[in-house]
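Same chain, two partners: chain A is paired with chain B first, then with chain C.
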Partner chain A sequence: MANVTFPFPYPQHLELMLPEIIIAIMAMVLLIWDLFLGKDKKGWIAYAAIATCVATAFATIQVTTGGALTTFYGYFVLDPFASFSKLLMLLATVFAVILSLDYMKDEENVGEYYCLILFALLGMMLMVSANNFVTMYLGLELMALSVYVLVGYQRDVLRSSEAALKYFILGALSSGMLLYGITFLYGVTASFGFDAIGAGLVNANNSAHGVVMLGMVFVLAGLVFKVSIAPFHMWTPDTYEGAPTPVTAFISVAPKVAGFVVFMRVLHDALPAVQADYTMILVVLAALTIVVGNVAAIAQRNIKRMLAYSTIGHVGFVLMGLIAANEAGYAGSLVYLTVYLFMNMGVFAIIVLMRRDGIQGELLDDFAGLSKVRPGYALAMGLLLFSLAGIPFLAGFWAKYVVFMAAIETGHLYLALLAIVFSVVGCFYYLRVIKYMYFDDVRIEFNFIESIPMKMTVVVTALAVTAIGLYPDPVMAICKQALVGLI
Partner chain B sequence: MGETITTLNTLELLAIPALPLIAALAAGLFGWALKETLTHWITCLAVIAAAALSIDIFVQVLDGASFYGNFWTWMLSDGFIVPIGMMIDPLTAIMMITVTIVSACVHIYTIGYMHGDPGYSRFFSYISAFTFSMLVLVMGNNFFTLFFGWEAVGLFSYLLIGFWFKREPANYAALKAFIVNRVGDFGFLIGVLATWYYFGTVDYHQVFAAVSSFVLEGHTLNFLGWEMDAITFICLALFIGAMGKSGQVPLHVWLPDSMEGPTPISALIHAATMVTAGVFMVARLSPMFEFSETALAAVTLVGALTAWMCATIGLVQNDIKRVIAYSTCSQLGYMFVACGVSAYSAGIFHLMTHAYFKSLLFLAAGSVIHAVLAEQDIRKMGQLRKYMPITYVTMLIAALALSGIPPFAGFWSKDLIIEAAMVRDMGWVSDVAYYALLSGVVMTAFYTFRMFFLTFHNTDRVPAETKAHVHESPKVITVPLMILAIGAFGSGMWGVYALDITNPEVINGFFGNALFVMDAHNPLMELEHEPHHAFYLSMPFWMAIGGIGLAFVFYFKESAMPAKLASTFSGVHAFLLNKWYWDELYEKIFLRPAQCLGTFFWQKADLAIIDKGMIHGGIVDSVLAGAAKLRRMQTGMVYHYAYGMVIGVFGLLTWLMLKA
Partner chain C sequence: MLEAGFFYLFAAMSVIGGMGVVLARNTMHSVMFLIFCFFNTAGLFFLLDAEFLGIILILIYVGAVMVLFMFVIMMLEVNKAKLKEGFLQYLPVGGVIALILLIELIAASSSGVFNTETIAAVGHFGKDVNNTVEIGKVLYTQYLLGFEIAAIILLVALVGAIVLTLRTRKDAKYQNISKQVNVRKEDRLRKVRM
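The block that comes next holds the complex of A and B.
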């Protein structure tokens, strides 16, 4: 791999981008292949997409070395940090594609749908390998534009289109803020590179402080929008509810991973000079996010909306790791994102399975009596929800434990206390679903989707949260190793 | 961590507790899918295999093999290490064969006894899991595996007492057992933690090695204004645990009530194994108890008091299982006296013989109860020997063993304990113990044969409608009885002649250095030096004969005597019949105040403050109101959302500017 040479002046070590190149080529190949496939054979695209993801995962592992390498004239960095997050996103993509198999079967142009997922994935992979604002913005927009279309994929469903439009408008606004902030930072340091900005800000003239603050706030605003941190979260419930459920599952996990990884890089590499200021801001935002997410979720009757607020609550917890801003904190955030991937994908898989003829089983009431109809699903859902609520010994407990500990050890005791109190509040709405499943009578008969890959997803995710919960050490060790390149 | 010292096969050792555990999981988790037959085959075979392996281990241990080592670390926290390991020596080995053999018999017996019960697989799952826990308790090499086993056997005891959870008395009995044991276990936990606090380790070897220098250093502590040696404190705390688990006064009240559980449980848990855990623990920790005169005196006194008191209660009980239950308390008292007077090997010896004859007594009683349609009142039995010859003979063997008639098992061990109590000089303490035990022997023989005669001889008082049903029990029930009868008959002689179990020498004795006794007070050593006398010269033997004779007179010859005695001494009779009013006493001094306190907290704290003050109009309402408000803020209007973002940015900027 390492000795590939190009006959003409291409960027050195382009092979580091092999995973991205595979995705990009395959997405376009599939787009063309789609044209030649009969309507009943579109499922092939999905399987090809899964195969692409698997191949890319292998490629990612292959090209990763122990340290940080750059290519494309230094505009693209490959380090274990990026690779680990890429693997997470690939896994999330595979789950999302599996969730889509039956759900999206009857949609028009379903082939394009899978290509869009791949393009969104490509954008995210670029984001996490960005070491400067230009590459980052490129990836971010590629992801965002693909996701806007995915959210509104059911064109004849009003709320799907509405969700896409809202997401698009607000996303554009946040992009504007992000770009605006970048211009200030560029103005002070004359650079786009994270490291260069970091160095520039350290040496910056004191009189530039106001401008730096301005830039920082706008950049943060743009970034926190993507990971739905309050008060930039308001798009989340509407979008989650309106989007096709597999897309909801996808955007509740993969872009969060990408967003947080970029967030960590920006904070750690570009903004260390203003750490005191951004910490102050993030503490307030984290507190607000945790409160809003966990409290608002209580009032929801639709499980997708409820999970939207639950996501908001969880990103508040993840943010605590970033506030700690040390090895334990960043590793804790990665652990949280890893665990969150399994929990959320599992829960969404069950929601997808509940789809009746034409109607989604997405009201809380629809879960009534699930344990009597499908005890296996109810058990898996129960495990996943307990994990989301952070009950020991399931994975969600350890995820919370590591970020809370990191926050406490860096002196953010009150934030941790607040988080603990509100994770108790959060238990309420998770346990409510369990109560519906186990203690209420069946209200509506369901035609469950009978699909082996879907059942596998449920089993794998439920087992994963249990296994990680019982033996969290390996995941924690991997997440700590993955910090090479960031720290 | 200690070095692993082994001359035994580790896999074989691990298999002994693992087999019942696997069987318990199989029966418990998949019992719904397995048929009755498959359930009992799995569990019975697992336990029988465990018994076979235990015997194999026992034989190897007899040849001098031993094991000491850790398998893995359960917990590691800042210098607090809890390893999981095993320690196999003669003490462990004899406990292992006792536990597994009795358990195997009870498993087989259960096939017949619980046949057709809706909780069939649950029952098997519990008793197998109990066997696993008991094995962990005896095989562990540190205080925490001991504690784990201790709590686990308690849990399964609770689950099994309340096995018939639709019967209200069973539920109450289970709760009572659990709560009383909590009291004991709290003391036990304090003892374990104090050990860790003072010794910095929970490993038996390390603690035992450090005890003597620890005592020399003279650690003391002030407990509730009472200055005492640390070692005394530790031993007393641990002994409180033993009192709870082994039904010693004043924590004995749960044991008779535990008879609400199915009879196989009474035999396995509440006679042969779990209740003897306290005795085992004291013997296992003999290197610690030996250093505290106070603790030994306490053990002796509590044991003697229990032995005597429970024997008196047993004299007048009419429930066949309760008679045996009080006898169990009483016999456990004997074992504790043995430990208290430093004759640990006699205590363990009695533990073993008692396990066989007492579980036999219970299983035979279960066979009787089965035959007379769940009737437990001995006043409604009589002349049953005609219908149930095997049960009759096996129960007779058990009764003779319990009474202490040679050559049956109980004689050898009980006689030794009483002689040890006589020889040992602890001032008035050992005198009290000696006379309590001696008078206990008369009563033991009397109540055992009172029960026996009333059940199998005397007049036929079985109701006519039951009569048609009375018959000998099936083979699955009688075969375990016969197996145990072998133990009840021969285990005493086996112990004395084959194992030389009473030999106190460290080098040649059976227990070797598994038990520690100070040279200064070693009653068995003194007995060794005395010439052996024939059994007809032993005082307890004549006492037992007297007790049986009295029962014979009362229930064969002068049938009017018992009633006359009862009416003459009606006060005493009522006092005994009501079990010395312990339950009433506890109700007055513990239950009522606890109930008042509970009602207070329920009415004032829970209802008034939490429900009214905090939920309605407090935290919960405000969370709900906040949720509703946040929900309203989510208008669905995109410009509201954008507005929120802009406000957010400007809010943050303003804040930063103001701060700067």
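The block that comes next holds the complex of A and C.
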């Protein structure tokens, strides 16, 4: 955060922002292109969005170096940590667009839908590359604003509008809390940079302790809301249920990755001086989140609502890696988020496939007898649900294993025990879906969407979950390597 | 001394304005109180030599945003009595939270971090420092990235607002001009052999 004199020098190393620049330009190009496309050709926008994501992924790999480099006068940082999370979010976006292909076909203003997904992606990519509160907050708002609109996209569906409104109001409240907390940290350290705040807090005198605590609590409350940790999870079930299913898939993965990456940066760079205090708060939050998520999911009959509570439960497990606050813990959280991406995207792909004339295919009853009609889908769904439940030798097991081990090694044995008990409780509602699929009779006629990209998504995610489960070492090694920029 | 007097005047008035926004029975009065609050906050900016921000606050917020707000309120016809239903029901919980927050804020602000010994009083720059130029210098250098992102946020807000409101209604009939212009004889005229 060097002081810049006027007339300003041209920002050095602009090429580090190449991925963001591609996304920003392409989003605007698609916005215009959409005007010239006929109603039946709007699908091209989706394929162009996928191509953009693929190109951006290559650009991200190309500009990544081994260390951390900054550009835009130090307000943007690119390190392997940011690059890895960007690749995860790009993958999540590609899956979300594929899921939308058929689902959003009949909606109005389809072109803008894909543009907004790209803008949300841009916001998240800026978030993970933020090393200061200014870039972080603006990226967060860009992401949040796009997502509010995406959630409310089905204007004719009442619950979609309701979900968007609830998400918007609570999101605005949490942004307010986040900003208010930032002002206190700024008041003590006179800086927005994470590193500068970290250094300032170490040197701050004792009288500042109360102010720092207040700022920290507000910042944590704001961040915790974005990744739906209890008791700030109230928006999640309603939003997940009301949003169009592909958007639910998108917001259940990508913003969580971005949120946790920012969370790790804030905890590790800005708040190491108060680690003892924030660990205490996070342990309570993690325990509460795991209990609320896994217990409340049992009562749900709508699978989207059930997965919302399941997300809350999983987020609690990811938080355990942050509580451990060492290399193993952070790497564990990254492994968890990576695995969670595949599991959730696969499950949501099958839910989207279940939609047929007039029926959303979201109730648990709708899955009855799936194995008799479509054994392939039932098998994939079964694998993904087993993985979500954490059955050994599927990816979800290793994800849980690494964060539990990290928590135990740093002395949070009771939290790990609680997490283990409640992940067993969690098995119940995942296995219940499998029971519906395999042991119940067909109740309603199935009439599946025949879409090759969707089938590919199901196959790829199910295979990924199995492959990572059988041979988890590469993913773990990559996640460890990605931490170079952070630790 | 005079400056301190003005500070307390503006500060007290903006707090009163803020209270008025929440407490006024009539929604229109709330908006008026908000304008009052903005004016006094602008006064605080002037005291800090930040005349550009003060003028922007009056021009943009009072001049544009609040006027738009008034139109919206006039069109929506919000029934505040109905909104206030159940207010008493939430008062105990809300009141306790507000009280805790107030105590925390007082504790934080009186902890000695924000007193005049640790933070030097803001001096005046004199007439050769141009507030607008100074803001421009940092906005287009250090904070350029933030500025650009804010621009994209505005674009998204624009697109989002249009996407959510601009819908063709299925039960209404529309004129499609390009279809009318491009219509060919064969589309409308059919020769029938008698």
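Going forward, the second predicted complex is superposed on the first by the 478 of 487 C-alpha atoms of A that agree within 3 Å, B and C clash if a C-alpha of one lies under 4 Å from a C-alpha of the other, contacts with A are read in each partner's own complex, and residues count from 1 in each chain.
Heads up, the rule we're going with is that contacts are C-beta pairs under 8 Å (C-beta built on N, C-alpha and C of every residue); 3 or more make two chains touch, one makes a residue touch a chain.
These numbers were taken from a predicted model, which means no experiment stands behind them.
When the two structures are aligned on the shared chain, A:L214 is found in touch with chain B and with chain C.
By the touch criterion defined above, A:C115 lies against chain C but remains apart from chain B after alignment on the C-alpha atoms of chain A.
Contacts of A:V295 after superposition on the shared chain: chain B is touched, whereas chain C is not. After overlaying the two complexes on the shared chain, residue contacts for A:L138 are found with chain C alone; chain B is out of touch. When the two structures are aligned on the shared chain, A:Y73 is found in touch with chain C, with no touch to chain B.
In the superposed model, A:W235 makes contact with chain B only, not with chain C. Of the two partner chains placed by the overlay, only chain B lies in contact with A:S174; chain C stays clear of it. Ranking chain B and chain C by residues of chain A touched puts C first. In the superposition on chain A, A:K166 makes contact with chain B only, while chain C stays out of contact range. Under the contact criterion defined above, the residues of chain A that touch both chain B in one complex and chain C in the other are 209-210, 214. Within the complex formed with chain A, the chain B residues making contact are 623-624, 626-628, 630-631, 634, 636, 638, 640-642, 644-645, 647-649, 652-653, 656-657, 659-660. Chain C meets chain A in the complex at residues 104-105, 107-109, 111-114, 137-138, 140-146, 149-150, 152-153, 155-157, 159-160, 162-164, 166-168. Those residues of chain A whose C-beta lies close enough to touch chain B in the complex are 165-166, 169-170, 173-174, 177, 209-210, 213-214, 217-218, 220-221, 225, 231-232, 234-235, 237-238, 277, 280-281, 284, 292, 295-300, 425. Against chain C, in their complex, chain A makes its touches with residues 1, 3-4, 6, 8, 11, 24, 28, 31, 72-73, 75-76, 108-109, 112-113, 115-116, 119, 122-123, 126, 134-135, 138-139, 141-142, 145-146, 148-149, 152-153, 155, 184, 187-188, 207-211, 214.
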